Structures are given as structure tokens and as C-alpha cells.
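You will see two complexes here that share subunit A, one where it goes with subunit B and one where it goes with subunit C.
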Partner chain A sequence: MIQEQTMVILKRLLVSFLMIVILVVSIFFMMHLLPGDPFQQYYSPELDNRIAEQVKTKFGLDKPVSIQFIYWLKNIFSGDFGFSLVYKKPVSELISSSITVTLSISLTAFILQIILTIPLGLFLLKHNGKKIDLLIDKLALVIYSAPSFVVAIILIYAGSILTRLFPSSQLYSYNFYEMNSIERLFDLLHHLTLPVLTLTITSISFSIRYLRQSLIEISNQEFVTTLRSTGIPENILRRKHILPNALISYITILGLEIGSLLSKTLITEMVFSLPGIGRLMVGSIFTRDYPVIIACVMISGFMVILGNLIADILIARFNPKFSFEVIT
Partner chain B sequence: MEARKIKSVFLIFSLIPIFLLIFSFEKYIISLLLLYQIISSLNLKEISLIELDHLVSMFLLTFFVLNSIVYLLFYFGFVKIKLMERIIKKFSSSSKEFLSGFLMIILILFITLNAPLISPIDPNFSKDVSITKLLPPLSVMNYIQLKLNKYSTIEKNLIQNKLLENFDEERRIYFTDLEIKDSSLIIHKERTKEILNIKEIETLNDKPVIKSQIFILGTDEFGRDLLSRLIYSIRLSVFIAVFSVLISFLLGSTIGYIAGIFGGLVDSLLMRLVDFFLSFPILFFVIFLIAFVGNSILLLVIVFGFSGWMYVARLARNETIACMKKEFIQTLILMGQTKFKIIIKHILPNTFSPILITLIFLMSNVIIAESALSFIGLGIQPPTPTLGGIIKSGYDYLSINGWIAFSASLTLVIIVMTFNLFAEGIRKISRN
Partner chain C sequence: MRKSIIPSFFLFLSLFVFFSCKSDKEIQRPGTSGGNLFIAIKNDIDFFNPLYSNDINSGLINDLIFSSLTYSEFNTDSGKLEYYPGLARSWKIADDQKSITYFLNTNLKWSDGKNFTSRDVYYSYFLYTHPDVMSVRQDVERFFIHDKDKKIIPEKSFQIINDSVITFNFEFGVDDPLFITGLPIISEHIFSKIPLNEIFKSELNFKPVGIGPFKLENYSRQQQIILRRNDSSYFDKIPFIEKLIFKVIPDYNSRINQLKNGEIDLMTDVRPEDAEILKNNFPEINVEAIKGRDYDYVGWNHIDQLTFKKSNGKILKPHPLFGNKEIRLALSMAINRKEILEGYFEEYATLAETPISPIFKSFVNEKLKPVPFDPSEAKKILEKHGWKDTDNDGIIDKNGKPFKFKLSIAAGKPHREFAATMIKKDLKKIGIEVEIETLETSFFFSKLFGRELDAWIAGWTVPLDLELEAFWGSDLKKNFFNVYGYQNFEIDKIFSDFKNAKSKDEKRNLMFKFQEIIHQDQPVTFLYWIDNIIAFNKKLKNVKFNPVAYTNRIWEWFISK
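Showing the complex of A and B:
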């Protein structure tokens, strides 16, 4: 059994590696298939031909495509993504500042989701079949059907336009640099409440229905009836015997969540105009800032592939019977 | 549910086409006149795409209305239809989710197919933006019409003239107040004034003809009718979803059936391909493609089609393997049936319902993805109405007029939920 699991994990590692190779190669060759020369942006057409040739040699643009590809790979893996045409900064600098924002939002939301979903699932199991249970189940279906930007807009309307409790956009206030460190922390938290809440609500609506379903299925099994007949209190039965069994399918759902975390964060960043990697990418598409686009797509691609890898390993470890059919 | 209840629910739904026919009667008559003109002159070359759209939707509306009339006759006991009774019996034994999902899907199909007739005005029509922008729901604007010959220089025959007279929206002038002085007409528009000669305007007994336009859901920031825009955007979303899911279905089921029926090396190779595409960062690749190639409806359809086929392929393969183990298939193989025939005749019908469920779920995913892309500005570009685009423009005016974002979001949620409910209903039926 353990050997089988390691085989699955090894296979997945191999597939992930292959995927990264294909991602990198396809991005490079798409760049070359496109009409136009990126080099043209840097020199005027009136430049002397000899000097232009010299510059081209210096940048290695006179060499064949295969050798250029090797240079490019070397640069990418040493963290050099080139120079942004719009921001006039190295791309790696832009990416490293934006990726912290993205990761902090998405990971906070992910952890919050885990903290909130499990007690909610137990609560629903306690009131199974009552009005509140059905109400929350239906509500979860409605929120699950709503895309994250709709949830975000509703939260903005309720939280910042009607009640003026939270700011609706940006990462910090205009006077951020005049504050002391504790005020800065609170300012950041104040600004990040709504985005994190958006992500948390959307992912809870997805996972709570599965947790509820599997909790109910397990509580109908025979071993629960046997345990109940021995006189164990209901809440201990729920917490110590039903929940651990239901967690297997919950972990599967969590694994699937990791893979789609980044694409959800992209849209949330766009709505709240947070300086994350998704907004950087979309913004640079509009300004045709190709080095930034390529770097963003590559980093996000790496992250998604890594997330899927972690998810698959988790699933293979905890739920080997699971087959990846469409989960909705 | 009881059969009687279902009958009355159907009654309410059958009233919708009749109600909408009354609502858009003028347009309907004009489409009929257009049809008459085409038949009498047999000049097919001159039909524009928009006119063809009108004609098709007129035929479909007629079809829907005839259906409703037949149902009404059935409901009140004038005719007996055995098929209808059987359908109602089937529905009464199925779940509530299936019934509501089914009826909503019929409604969405009705809206998408009849968009040109149902929508009150053209979705991109805007005039006198200063007074028509950001109107609340159910607001009425008055307008006068310029005379026809001011704009059209080409002499057209009678019916086409009639069409232009009634539906040439470009000739409208919206106003808040009118004043008549001698032969000149002063049109007030909130802060500005416009003076026109009364001869330029359509008149009746020397007085200008004042018509009014109701904006049922209000207008957006350019004074365009929100209801029409929503109708057309539903149409576009459903169009993209249907065609991309069709691509996913064709590609996925072919690969899945081949993998399932041949097994061995072919199976494991194809399934590795599926694994590969399942964990490939599709959204980011789509964004990359759009950044370099530019976006169009065709690109979106193809890209969404290629991002969903893996689920279908995996399901088709698993179902086929499960099906192949059954005795009747084994017997057929022993009898010498070809594999192709077995797939078409026996495996396809047997694996139909789980694949259908997956396809419907995929549809709702495509609708969400498409609206998300147009929300961030990478999808279909304005002025083409899309749900994501309307929500985006509503989001920009959220503090002034939250209604736009709210109504568009509600529409989107209802559509996605309809597909989810319908799929869940089918799943419940196929389990029983």
C-alpha cells in the first residue's frame, strides 16, 4: 500500500516536472512566433547599422534560437526576468513585492476557511434536518453559484458603501508612511478584511456542502449506532468518532481548493485593486509590458502546478480511493 | 409533487410567451411584414443579419406561443393530449430540483432564442445621455421623433419605410420639457436647450407627437437600456457555454471512449494526457494567450472548450470500463459486433446521464469563467453586452446607483444556479 502511494507521488512529481518544462518552452516559442522584434523598442531606426549589429551581438540576438533559449532558461532559473518597460524596474523586484501580497491574502483565507468550516460542519450535524441546517445548505448553494467578484461587490456594498466600516480598495491608507508600526498593522488588517472575507466565504460555500454530506453519511453508518448504544455523549461522538472519518473527504476538497486558490485571488485582487501578482499581470497586459506578463504567467503557473502537486500528494496520502471526477 | 400543482406551475410558464408576445406585438407585426416583403419580392440578398435574426426569433416566438395555446387548451380541458399527461406524471415522480431547473432552462432558452423580439430597444442604443443615464428602474422618458427624410436619403418601398418609421431609434429626441413658440420647438434637457423647427418633427394636427419609452430595469452610464443589455448578454453567455461545452464533449468523449474500449497502453497514455491537462494552469495560459493573440468570441469558445474536456474524458473512460464488464456487452463482443457499433449503440446511451450531468456543470463553470474574464476586462470587449462587463460598469457606479451591479449579479447567479440545480436534479433521478 505504501509503495503504491509512493509510486503515485513519484508519477505526479514527474508529471509536474514535465508540465513546468512544457510551460516554459511554450511561452518562449510563442514569444518567438509572434511578429515583431522586442529589440526594436530600444533603438531608433536611424541608428547606424554597424552599431545596431554590435548591440545585437552584445544581447546575443544574432545567435540561433536554440542557443537563445538556453540563455533565456539560465536567466529564468537564476531569477532574472528582464526589465519592465513601463515601471522601469527589474521584473523580479516587481514580482517579489506583489507575490507577498497575493500569498498573504490567499493563505490567510485558506487557514480561516479551515478554522471556520469544521465547527460549522459540526453545528450543522447537531441540527441535522432542522430549519437552520437546510437554510445554511441552501445559502451555501446560492453563494457557491455566485462568482467571487459578485460576493466581493455585495461585501463592498454592505461593508463600505452602506455602513462605511471598511475601505473598498487599496492595501493601505494615504497616510500609511506617517504611522507607527502598530497603527500600520491595524491599517493593513483594516484594508485586508473585505478581500480575505470574500475569499473565505466563497471557499466555505464550496467545502461546507461536502463536509456536511460526508458527516451525515458517516453518522448513518452502523458503527455510530453501536457507539451510541454504549452511551457515549452525543457531542463526544460527533467530535471524536464522526468528524475524523469525515475529514478524509474534506482534505480531498481542500486539495482541490489549493489548485484554484490563485485564480480566485486574481479576481479578488482586481476588485479590491490590491497590488498582487494577478493585478500586476492584468495591468501589464493592458500596457503591453511583455517581460512582466511572461514572468507573471510563469510564476503563477509554477504556483498552480505546485499547488496541484501538494493537493495530489495529500489526496494520495489520505484518500487513495478518490478518483478525480468533476467535483461540484 | 402533486400532478395538479405541476399543471398550475406549467400554466404560469405557458403564460410567459403569450405575455411577451403582447409586450412586443409591434415588433412582431413588423417582422411579419418583413417576411411578407421578402416572400413577395424573393430578394434574399438584401436581408441583413439583424433582419434575419428578427425573422428567426419571430418564427420561434410563434412556435412558443402556439405551444402555450395548446397547453392552455389542454389545461382547461378542451383537448386531451396523452403525451402531456405522461410528461406531467413523470415530473410528479421526479424531484423539485429537476422541475425548477428544467423550467428555468426552458425560460433561459426562450430568452436567448427570442432576444431580438423580447428586448425593448437595441442594447447598444443610447441617445441624449445627459438625461437618460443611470435612470432607476421603471422610469419613463418622453421623446419626439424627427421626420424620416432628414436621415434616410435612399427611397425605400412602403413596408421598409413603415419599419423605419416605427423602429428607427436614431431619430428619437428625449426631453424633460417641451415649449412651442410659433413654428419653433424648444426642447429642454435638464440644463441644455435645443431649438428645432416644427417641420422637422413628426406632427399630428400641427402638434408634435409625444411618445414615451419605459426603461423597466433602468439605464446604465451611457443611457442604454439595462433590460435589453441583460437579455443580449445572457444570449452571449449561453452561446459561448453551449458551443465550448460541445467542443469539450466531442473531444472528451472521443478520447474517453477510445481509452475505455481499447485499454492497455492506449488507455494509460491517454489518461496521462488527461492528468497533465487537469493540473495545467489553464486560466493563466488563457490570459497569456489573450495578451498575445487578442480576444474574440471564437478564441474564448475554443479555449473554454479545451479546458473542460478532461473531465468528460475521464468520466467516459470510467463509465465505459464499467459498462464493458457487463454481460450483454461481453455477449455482443462474442457475437462479433464491431467496437464502433458497440460504442454508438450500447455504451453511449448507457453512459449518457453521468456525462450530461458533467456537461451541465461544465456549462455553469464556463459561464462563471467567461463573466470573470469580461469583468477584469480581458473577455469580450465593450460595447458588446456581457454579464461580466455590465457588472464591472455597475461596480464603477456602485455608490451612485447600486442597481446595475445588483441586477446583473442576480441574473448571473440565477443562471449559474439554474444549471447547478438542473444537474443535481438529473443526478437524483438517475440514482433512483
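Showing the complex of A and C:
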């Protein structure tokens, strides 16, 4: 059984790898098909446009796209993402400094979302049909319908402009590099509170409605009625029997949520001026910095595929009835 | 009558105190030393190296870290650029304007403690002009001395006389030698260690060793740039403000909120609607508008793009709609520019008639009458050229073809979106149908420089030296910014004469003539000169903004306690 599972996971990993390859290859060609020029910064009335041509040659962008692709592929297998046309730095250096920020806020929001959604779901199940349940459900719907930047702006208004409790942008204070480790930690937490809250609130608004629905459905199933008739206290029934069953579909949603969380992180980074992958990617798209865009897409694609893979494995682990073959 | 010796004694004492304190930089100038100034910037710096830095904010920051031989300031009263001693204490220009000799300040040190000498000046210009370096300022080489293969000869062009004297020699007599030799100076001892074609990728481009009024203290990509005042800077420029913190905040609303909130002290490019809100509701904030060199225009493509592309730029066939100057004039007359200006900019813009900004006072041809808003006259002109509504569909037509076109704008520019809507409305009234096309910025510029657009709204900045050939010269391959395809050989002659003009009067007359022709030809419809609205906290004192750069003389600003 274990060997079979390992084989299936390996197969799944192979499929995921192929998906990333397809994604990156298509992005490479799509980027080069896009109109626009990363060397527009060299267009100046005071400057002969031959300088732009010279720089293009320097970066090998004067060659046909197919040749550029072969060079790029060769480099990528040796772990070289290339050189940023705009930042004039190795892409790996840019990615490594940005990914820490993105992962910090998105993972914190992800964990917070799980920690908060489950008790909140149980609370709503307990008060199913009551005013508080309907209120939270409708509120979640409103937040879910609103784009994440609206939530961010509301939080900035409340947390920064009105109450002046939190800074409205940046990752840390200007004098961060003069602080000791503990002060730095608090400074980071202070700056990341609003962005993390933005992501957590928007994520919960989706997952709570899903979990609530799932909990209600399970609680109406026959096995729950049977268990209830045996006199099991409601608390235990909810936590030990209804919740584990509802969690299976919730985990599936969590896997998908990783992708959505990344897109929300991208917007959140822009609003809060955080130097993460999202901001790097958006800036690079505007300047047509191909190597950076491709690397960012590769990283985010990898994260989404990995998230889904983990979710699939977890579902299979939690649900013994669920066949591995189903997910392959 | 015998004078009392007591007042004389006090006078003598005061004079003594005054002169003994003269060497103390802090006491000489009125201001309070210390404090931090938070400035919001839209985008991060591109390079801490003037060889490659090509973005406005990056240029301003680099000018604070590096210094030039002189520093320039635009005199808004005379409308001229004026120069003051920088790294050079004085200079001498040859009578034939073919050379300039600088006498450098000898006791200056780079921020790493090494001495500044004329070798640094030589090496800076050597790098700027060397093709392997790929500097964005490489074009400056055209002024200097070349061999028969048209290669610059650095030793002849930048001649070191001794450690503190250097002479620049030009190929021909130049109009403004100070302007040409005004590029920031970088250190030889840092860059001479790197192969020329590797400087572009060097890490040192982000670890600047400068000699300016500030030095880099901390740089965090996409977050902040902290400059600390350079206490070993030259004597009259040690700033009062301790630190300048440039916060990178890409979102406009975040910038304005942080200004209101006190998280930042200064921001530029405030939108007119916010300027009014700040003025009325935030008493702690000052709002100032700087008249500048940026104008918006409606571009009309003069050439038929398809023929141009197919012939690889060899055949220039007039554009079916905008190839005729009278049609262009009619379009200019049909657009109510004043309504657009008042509707969006209120008092923060001035109508434009030619590409010479009103700040260049002596060069503005005051005799030219503004193009009037006269839709009925516009209609008559169009009728004269055969454009009539023959099929009564509300759109004028000629040979069965309706007068309709796409007006393209780059996304994210609310003032251009507003102008496009108003232009569409105005032109509809004379029977022209306009479809507004909003394009992603990079896509827009790629189409613009590819001459693929019919009509568009964009903006240019007029260079301080009024070198306008790149925008209006007839050679379309060479003059990359002449995206409209305008050709007038009389204008080319003016540019050529302007370069060789010996006196300011001669230059002025040529510029007057240039404006007359442009006004007649209406190659574009000039909309307005846009002010740069700057908002800053009132705790910031002694602030005088200049069209050259808002940070000019920042060393004189101080923060009141």
C-alpha cells in the first residue's frame, strides 16, 4: 500500500513538473510576443537610439527568440535565472530577497486563516440559523465580493489614518537597521499587521462560507443523526464526528486557496509598498523585464502546483475511502 | 564733536565675532541643524551611478550623492540657466567657445576618504563617452575631439593640466560649455578596477562613493533610500538636514494618505484635485506649483503608416486624415483646450502654443496669437478640403470615407483620460468620430515609437538647452522623438543655425522663427504646460523649488523644531 502510494506521489510530482515546464515555456514565448520593449528606458531625446541597440546586443536580445529560448533553457538547468534587464542584477538575487517577504505574509495569513476558520465554523454550526450566523455569513459574502485592495484601503483608513496604530506602508521603519533583533522583530510585526490582516480577512471570507456549508451538510447526514440519538454531547459530536468529515472538502479548498492567496498577496504588496514577488512581478511586467517575469511566474506556478499537490496528499491521508488513483 | 569710543568698540567686537565665526558653516546660515526629511517617491532608484541612471527621481538622488563641476539653477526671472561653483571653484571659457578650463577645489575627498583630483574628472568623461561602457549619457561625446575614424580622443578632449586643473576641448565652438561639462563626476579609483564592459553589471552601481552634499547610508530595494549629510562636503553646501529618507511608495493614494498622516513630509506630482483638498483641510501642509517644462499635446500622424512600414521608412506618403497642415489647424481650432485645462488642472497649468515653455522667458515668441477655439471656422476649413457630411449620418466624409480615427492614450493618466473624453466631445460637434483607445503604457510607447498610432495624447519635457531637433527635425531615423513624422526643411536650417549661433540675440531670433513655423504648421495640437504640484509639511523651512530639480539647494532647507 505504502509503495503504491509512493509511486502515485512520484507520478503526481512528474505531472506537476511537466505542468511547470509547459507554463514556463508558454510564458517565455508569450512574453516575447508581447509588444513593448525593456529598453524603452534608453529612449531619450539626448541619446542616440544606437545605445539601446548596443544594450540589446549585450543581453543577447538581438538574436531570434528561438535562440534566446535555447540559451535560457540551458541556463535554467544550471540554476541560472538570468540577469534582470532593468535592475541589472541576477534574477536569483532579486527573487530570493522578494520571496521571503511574500512567503512571510502569505504563509502567516494562510495559517491564521486555518486557525480562525475552524473555530469560527464550529461556532456558526452551533448557532446555525440564528442572527449571528446569518450576520457573519452575509458579512463574509460582502468581503468575499470586494476586491482585496478595497479591504486593504479600509484597513489603512481604520488602522492607520483614523487610529494611527499601524504604518500604512513599507516593510519596516526607516531606522530598522539601527535596531536590535527584538526591536526589529516587533517593527516587522508592526508593519506586517495590516497586510496580513488584509489577506487573512479576505481568505477567511471565502473559506468560512465553504466550511460552514460543509459542516451543515454533514450535520444533516444520517450517521450524525444516529450518533446524536446515542446521546453523545453536541460538543463532542461537532468536534469529533462532523468536523473531521467537513475538513476533507475544506482541505481541497485550501489547496486551491494557495493560488488565490498569491494573487491577493500581489495586490496587497502593491497597496502596502512591500518588496515581495508580487510587486517585483507587476513592476517587471510594466518594464517588460522578461527574465524576471519568467522567474516570478515559475515560482508562483510552482507554489500553486505544490499547494494542490499537498492538498491532494492530505485528502488521501484524511479520507481512507478516497483512492489515490482518483487524484492522479 | 567728539565721538564716543564705546559704540566703535562694540562695532569692532561684533565684527571680530562675525569674522571669527566665518569658518563655522552652521552659524553662517540661518537654519536649524538636524532632523530627518521623509520624501515619497513613486519608483525605486535604477542605479546609484550617473553613468546609467536615466530616471528622474534617480537623477535627483544621484545629484545629491555625486557632484558636478558646477551646479546649475534656472533663474525664473531671467528665464535662463545659471551656473555656480561646484567641484570647480572657477572656470574660464575660451573666446572661440572651443574649450573650457576648470580650476578645481583641491581639498575635497570622496566619501571613502580618497582625494578628489582632475584624474576623476578625466576618467568620468572617459567613461561617459566610451562605447563599451554603454552609458546613457554617451551622446555627449559628439561635442568632443574625434579622429578621422570618428572615434573620440579622450586625451585631447579632456586634457589634464595638473591635479587641480583640467581643460575640455570641443570639436567646434559650443554654445554652452558649462552645460556640456556639467555631468556628475564619479571616482576613478573605484571604477578603474572594473573592465569597461563589466561596469554595467557591477555591484558598485549600488554602492556609491560620492562627493556630494549627501552620502548613501542605507538602501533597501523597493523600500527606502536613506541619505545622510556629508560633513566633509564642500564648504558652503553642508546641509542642515541630517537625513533624507526617500520612501518608495508606488501607489499614488498611499502617498497622499501618508502625507496627510504625517508619515512623509514631501511629495511631488500631486493631482490638482488633491492640491485643493490639502490647501483647504490640512493647515500643516504647504502646496506649491512649479512652472516647468512638461507639456501635453495631441499628436497627429503626418505619414501613412502602412506605406511607411512596407517601404521600410523610405516612402513618406501623407496621412489620409492628418497629412495636411490646414486640417490639423482645423482640429486644433475645434478643441476647447481652455475648457480641458480649467476642468482638470484649474490654476495648475497654462495653455501651450508652441514647444517653448513660458519659463524660457526671453525665447518665447509673444507675438504669436493663441489658436482660437472656433468650431465653425474649423468646419469651414474642413469643408474647403472636401470633408462634408454627404450621407447625413452626423459624420463628415470625403470620397465615401468617414472622418473617424482612434485617439490612443497610455493607461493610468487620469488627466489624459479626461482630455481624451473632452476632445471626443468637441470633435463630435464638427462631425468627426473619435474612438478612445487606452493602452498599457509599455504597449502605448512601443506603438508610438513604431509610428503605428493615428492620433494620441502624450507629453514631452523640453530640454534645458533647448536642443529640440530630436522632436522636430526632419530626419525621421535620427530624430527618434519626431513620432508624428513632421518634416519642414526650414526648421532643419533653424536647428543648424541655432547650434552655430554666436549670440543670445541670434539664438532668440531663431527660436522666434521656429515658433512661428510650428504655430503655422500645427504639427501637433499643443494642449498645456503642466505645473509640478509639490506638497510639503510646513515644518520644512527655507524651501525654494527650482524647475531644474525640486531638490536644488536642498542643503539650505531646514526643519523647524
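As a working rule, the second predicted complex is superposed on the first by the 232 of 328 C-alpha atoms of A that agree within 3 Å, B and C clash if a C-alpha of one lies under 4 Å from a C-alpha of the other, contacts with A are read in each partner's own complex, and residues count from 1 in each chain.
Criterion: contacts are C-beta pairs under 8 Å (C-beta built on N, C-alpha and C of every residue); 3 or more make two chains touch, one makes a residue touch a chain.
These figures come from a predicted structure and were not determined experimentally.
*Asks:* Can A:271 be said to touch subunit B (first), subunit C (second), both, or neither?
*Replies:* Both partners, subunit B and subunit C.
*Asks:* Classify the contacts of A:199 with the two partner chains as first (subunit B alone), second (subunit C alone), both, or neither.
*Replies:* In the superposition, A:199 contacts neither subunit B nor subunit C.
*Asks:* Classify the contacts of A:286 with the two partner chains as first (subunit B alone), second (subunit C alone), both, or neither.
*Replies:* A:286 contacts both subunit B and subunit C.
*Asks:* Go through the superposed model and pick first if A:258 touches only subunit B, second if only subunit C, both, or neither.
*Replies:* Neither: A:258 stays clear of subunit B and subunit C.
*Asks:* In the superposed arrangement, does A:16 touch subunit B (first), subunit C (second), both or neither?
*Replies:* first
*Asks:* Per the contact definition in the header, classify A:156: touching subunit B only (first), subunit C only (second), both, or neither.
*Replies:* Both partners, subunit B and subunit C.
*Asks:* In the superposed arrangement, which partner chain does A:297 touch: subunit B (first), subunit C (second), both, or neither?
*Replies:* first
*Asks:* Considering only touches as defined above, state whether A:30 meets subunit B (first), subunit C (second), both or neither.
*Replies:* Only subunit B; A:30 stays clear of subunit C.
*Asks:* Enumerate the residues of subunit A that count as touching subunit B in its complex and touching subunit C in the other.
*Replies:* Of subunit A, residues 34, 153, 156, 161, 270-271, 286 contact subunit B in one complex and subunit C in the other.
*Asks:* Can you list the subunit A residues touching subunit C in their complex?
*Replies:* Against subunit C, subunit A makes touches at 34-37, 40-49, 51, 54-55, 58, 83, 86-88, 94, 97, 153, 156, 160-161, 164, 167-172, 174, 177, 270-273, 275, 279-280, 283, 286-288.
*Asks:* Show me the residue ranges of subunit B that touch subunit A in the complex, using the header's touch definition.
*Replies:* 272, 275-276, 278-281, 283-285, 287-288, 290-292, 311, 314-315, 318, 358, 361-362, 364-365, 368, 371-372, 375-378, 388, 391, 394-395, 398-399, 402, 405-406, 409, 412-413, 416-417, 420, 423
*Asks:* Quick check on the complex: what are the subunit C residues that touch subunit A?
*Replies:* Residue list for subunit C touching subunit A: 36, 38, 43, 46-47, 52, 54-55, 131, 134, 136-139, 197, 200-201, 205, 218, 220-224, 226, 245, 247-251, 253-254, 257-258, 260-261, 263, 440-443, 445-447, 449, 460, 463, 467, 470-471, 480-481.
*Asks:* What part of subunit A is in contact with subunit B in the complex they form?
*Replies:* Per the touch definition, subunit A meets subunit B at residues 15-16, 18-19, 23, 27, 30, 34, 141-142, 144-150, 153-154, 156-157, 161, 259, 262-263, 266-267, 270-271, 281-282, 285-286, 290, 293-294, 297, 300-301, 304-305, 308-309, 312, 323-326, 328.
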